[in-house]
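The following pair of complexes shares a single chain, chain A, combined with chain B in the former and chain C in the latter.
So, the complex of A and B:
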């Protein structure tokens, strides 16, 4: 059977077998096994943490998802986004408005009394709505991205959340058809959307009587969302599309020269990233700690903090790795907690500083550095001493993105070599 | 009556555009010479404003006149520009993405720092930091801004075109290598540029806060959002061209004033119209009115 061409025999069966073989634990590389172990450990956190700590840790899960969302578009295709909160806000407001201003009134009009199942369905409908709204936002940013290079695009992404913020104020009372109840202005929507699990708040799907049960349930719902996000982004970035994303970062002309349309992939990357960010924010509104659809939550304090935080997280962990965002978020949360305990007044300066230091001294990020170190260690154990001395010649993601930007800036200022 | 309104609006627009021109000049300079899009520009402006506030308020027990505040703001901006370049940007200059993200984070680091500082001061809101006008009345203050705006721009033109250092700046902006070949120290020129740009930003910050009644820790992204305004102006005029930036400042100043005054419900367009104009312009004519090469 070894001479079988790819198109002979039972292709489906072989494809399935290939996938199963890929998923066999014993054949995985060490770093993948470590990764799975890490995710498994994340799932065990509720066993160790106090309820209050658990709530804090749940918000770290959302930071991970937000950073992954940034990484998909900025880490992989090299299109730097400075205002990713745009998508988070669209998702968060999207689901809140869908549930509170459309679905629940509709159920009321029809005279339906929603049981737990009904409420969960409404919430899921809201999450789908929020994700779709964010994905539309992704199209909105992705289309200009086709015409704009490097820094110009970063500027547009910086403006987008500010414009959205302004429109929240302009349409604070009412936005015809889309949000009849208005968007609440700077203080946000006053009625939080129903949550999956809670202690007798309005419209909660499942009511529990103890604080910690609620905290654990919310943790696992958030964890499930993280797993979904991980599965989708891993699937995409490790597939052929992921290779094209990376190729766009490296050299757009090369992508074009093999007959593929970079524009299509750029929009796809933006929409995917936006949908993930929107999805995470939407789930947060129903299952997260401190879930309230307001600007403080969805944009960060001062309208911009959250956008910066996701960049810092992804850079600490390593751009263009997905896993880096998870590790980066853990680092970030740890640093935030430690420094916040020592000098609470200085927030968020220490984490920004951490980001700056990482940018200058560790441009590859923690995960790629660790992977490289681990590889060397393994090689050393096998006795390949030379590998230990051999310098890794592949430049970092940041450096490659940098190259591309330099070229683009040169094009903008007239093509002379600098 | 309509004619009168138009005349009034034109006057407002001229004054406002003069202010916008000062805001954008520093940003243009840094991009023109080093090829760096300085996302910390808004923070330089905010620091200038804050220095003027510290000088004129009684935080340090003596409240000095606003003239001293204006000098303090300008000086603080210049110092900050120089320190940012020497302390950080110099080391990562050959990594544009790093520089881009770094200036972005530095900028917001600075303004969050200002917020924390202000929160420690009694009776002062971080969103409303009082900075007095330079002149007694609104009109005189506007005239002062207009006159000094043109004066400073004139001086800058003279400096860039007729002094040795200025010509060296042009040389570096055209070609690093060429400049190095004729013995120009690019490091020094970059430092001079960042210092001058910082000084302009600081000066603009004091005037901006005075003209709008008060400063704010978020002023760089709140309407009129000088950070984004500078981008808009510079892109409109063509990146790296000083003349283009001045033209861009006047176009945006006029469009904004007329949109606010004559479009129904225009009050809410303040601060938004320039952003919309910018996005449209980016999509239609990204190289700007005076793209590099046609001016200089």
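So, the complex of A and C:
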């Protein structure tokens, strides 16, 4: 209908060129340059830290990935998942079982002696397996729950990790075909899967003779996994599909009314999120510090702590931003270390306190608040003095999501305030 | 298109798939014991502007919720461009080329007006480079200018006046590039100047090949716009014809007696 149609000509070529321009990092906004600087600094952490500190910091990288995986589905589409540990457990157990109970026995049966390269290949196979198992779990939960409008996903995700936890106990001795060696019950699998790098342990792909070399190597493998997760989630959420995700968070009917199927996008976001969580947990089992496939690690203490922690991390950093999870995890780990060091017996309290403070003072999260502050500062430098004091009255993502939930639940139970 | 194009007799004549771009045949919708749409048949010709009129509660919204796939009809058939599209989901109906505006508009509050329109241009695909070259944004801006949102498209919807919201609804529907557009009460609460402005927008859409159905509870403001009016009450047709014919129809006057002005 328009006389001027920007869709004429070789649109595909222009789009590809635009993507290349973006990848070459030209014309970056200040916040993007700061973001890249920040990720670069994360890569330099091993230069500063002692091996023991470095190990602690490596686990923060996994917390970042876990929080990102929650953010992709809950922060973007507003479908709150309360049990993301379900996917971490599927990924972690998935790779351990794949490697220890399938691939290594298979290599033994074939009479292969695995060198470093062979072991790395087996580990990679396990990571792929763990990721697929988690993605499959995402399909099994997501397809039925997300075809409905409303908070049904949340209800299912509350229960799914507990069911999985019980299954670990029920099938502790043996799970036919899938896990002939069993799932180990509450104490976890006794034989940890082989790690990429270690000192003198039996099953490592590469053996090094000094503690710190191993720590640094494990840090960079974990860092590489974080970069992969970042690249995938950035690619998806910054494409047109990302704007559909956030539109679903705002109003599913609006998405439907312009000819898109919200269920398809929700399921995709959920399965992607599941795969990312599974992938991160799977890498952790082979490269992380304290890598053991047990319930304490993969569900958190008390079966739900890790699921709650990732939510707190993503909200502190800023829901629906991806980078927020990275910043949030840093804050979270810092608070955990400082307060936990001062008063060790109050362990979960400082983190929940931090979460409450964030909700009250920074409901949008650290990253969006900083972005807005930076924008106003730039405007002020350009001479638009009054913009420095301007207040944005639009409600935060968190508040809008929570409100939508309240409405949907009231709709189900027949509340009166609608 | 003139009044006698699709049968002026108010008595029941049957319609086939080729009687117009959008044809409803014996459409029926029951909610429990209540019949909201009672074997309604009508045809909309290509490039016409049809007024779909009825008093409040006559079944206008239910009819179009059935036609656009919000919920399936209890009985009857909907033909669109000659194909049977009865009961297909609303989002697929939009892809077929039929879009609608909503009376209770719910723009996405988290993004600018132009971004609201841009969403309608995004493809229903998970992996896409759409929007990367900035061309969908250009197109969204062009659509905003066409409907008269040129000056405010970088504001958030919350800052728009009532007329601006109606224009945004229109822009969003236009952006799905429909062949038939259903416009629900476009003039509610507008001043005469604003009615004139939107009338011109809709006429220009028709000149470019679009078919429009304007739903309203009376004909105020529609007289200059529509070619033909279709009046329903209690889910059935009571009159059909040019606006003048409708105004003088005794049954229509009866329906509106003591209530609002037709």
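Criterion: the second predicted complex is superposed on the first by the 377 of 418 C-alpha atoms of A that agree within 3 Å, B and C clash if a C-alpha of one lies under 4 Å from a C-alpha of the other, contacts with A are read in each partner's own complex, and residues count from 1 in each chain.
Keep this in mind: contacts are C-beta pairs under 8 Å (C-beta built on N, C-alpha and C of every residue); 3 or more make two chains touch, one makes a residue touch a chain.
Note that this is a predicted model, so its numbers are computed, not measured.
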item: First, second, both or neither for A:107, with chain B first and chain C second; value: neither
item: Partner chain(s) touched by A:213 [first = chain B, second = chain C, both, neither]; value: neither
item: Partner chain in contact with A:121 - chain B first, chain C second, else both or neither; value: neither
item: Partner chain in contact with A:163 - chain B first, chain C second, else both or neither; value: first
item: Which of chain B and chain C A:17 touches, first, second, both or neither; value: second
item: Contacts of A:155 with chain B and chain C, given as first, second, both or neither; value: first
item: Common interface positions of chain A, toward chain B and toward chain C; value: none
item: Touching residues on chain A, where the partner in the complex is chain B; value: 80, 82, 144, 147-148, 151-152, 154-156, 158-159, 162-163, 166, 169-170, 302-305, 308, 311-312, 315, 345-346, 348-349, 352-353, 355-356, 359-360, 363, 398-399, 401-402, 405-406, 409-410, 412-414, 416-418
item: Parts of chain B lying in touch with chain A, wherever the complex brings them together; value: 35, 37, 39, 88, 91-92, 95-98, 100-102, 104-106, 108-109, 111-113, 115-116, 119-120, 174-177, 217-218, 221, 225, 228, 231, 235, 239-240, 268, 271-272, 275-276, 278-279, 282-283, 286-287, 291-293
item: Interfacial residue positions of chain A with respect to chain C in the complex; value: 1-2, 4-7, 11-12, 14-19, 22, 239-241, 243-244, 246-247, 249-251, 253-262, 264-265, 268, 394, 397, 400
item: Chain C to chain A touching residues, read off their complex; value: 89-92, 94-95, 99-100, 102, 106-111, 115, 118-120, 122-136, 138-139, 142-143, 146, 156, 158, 172-177, 205, 208-210
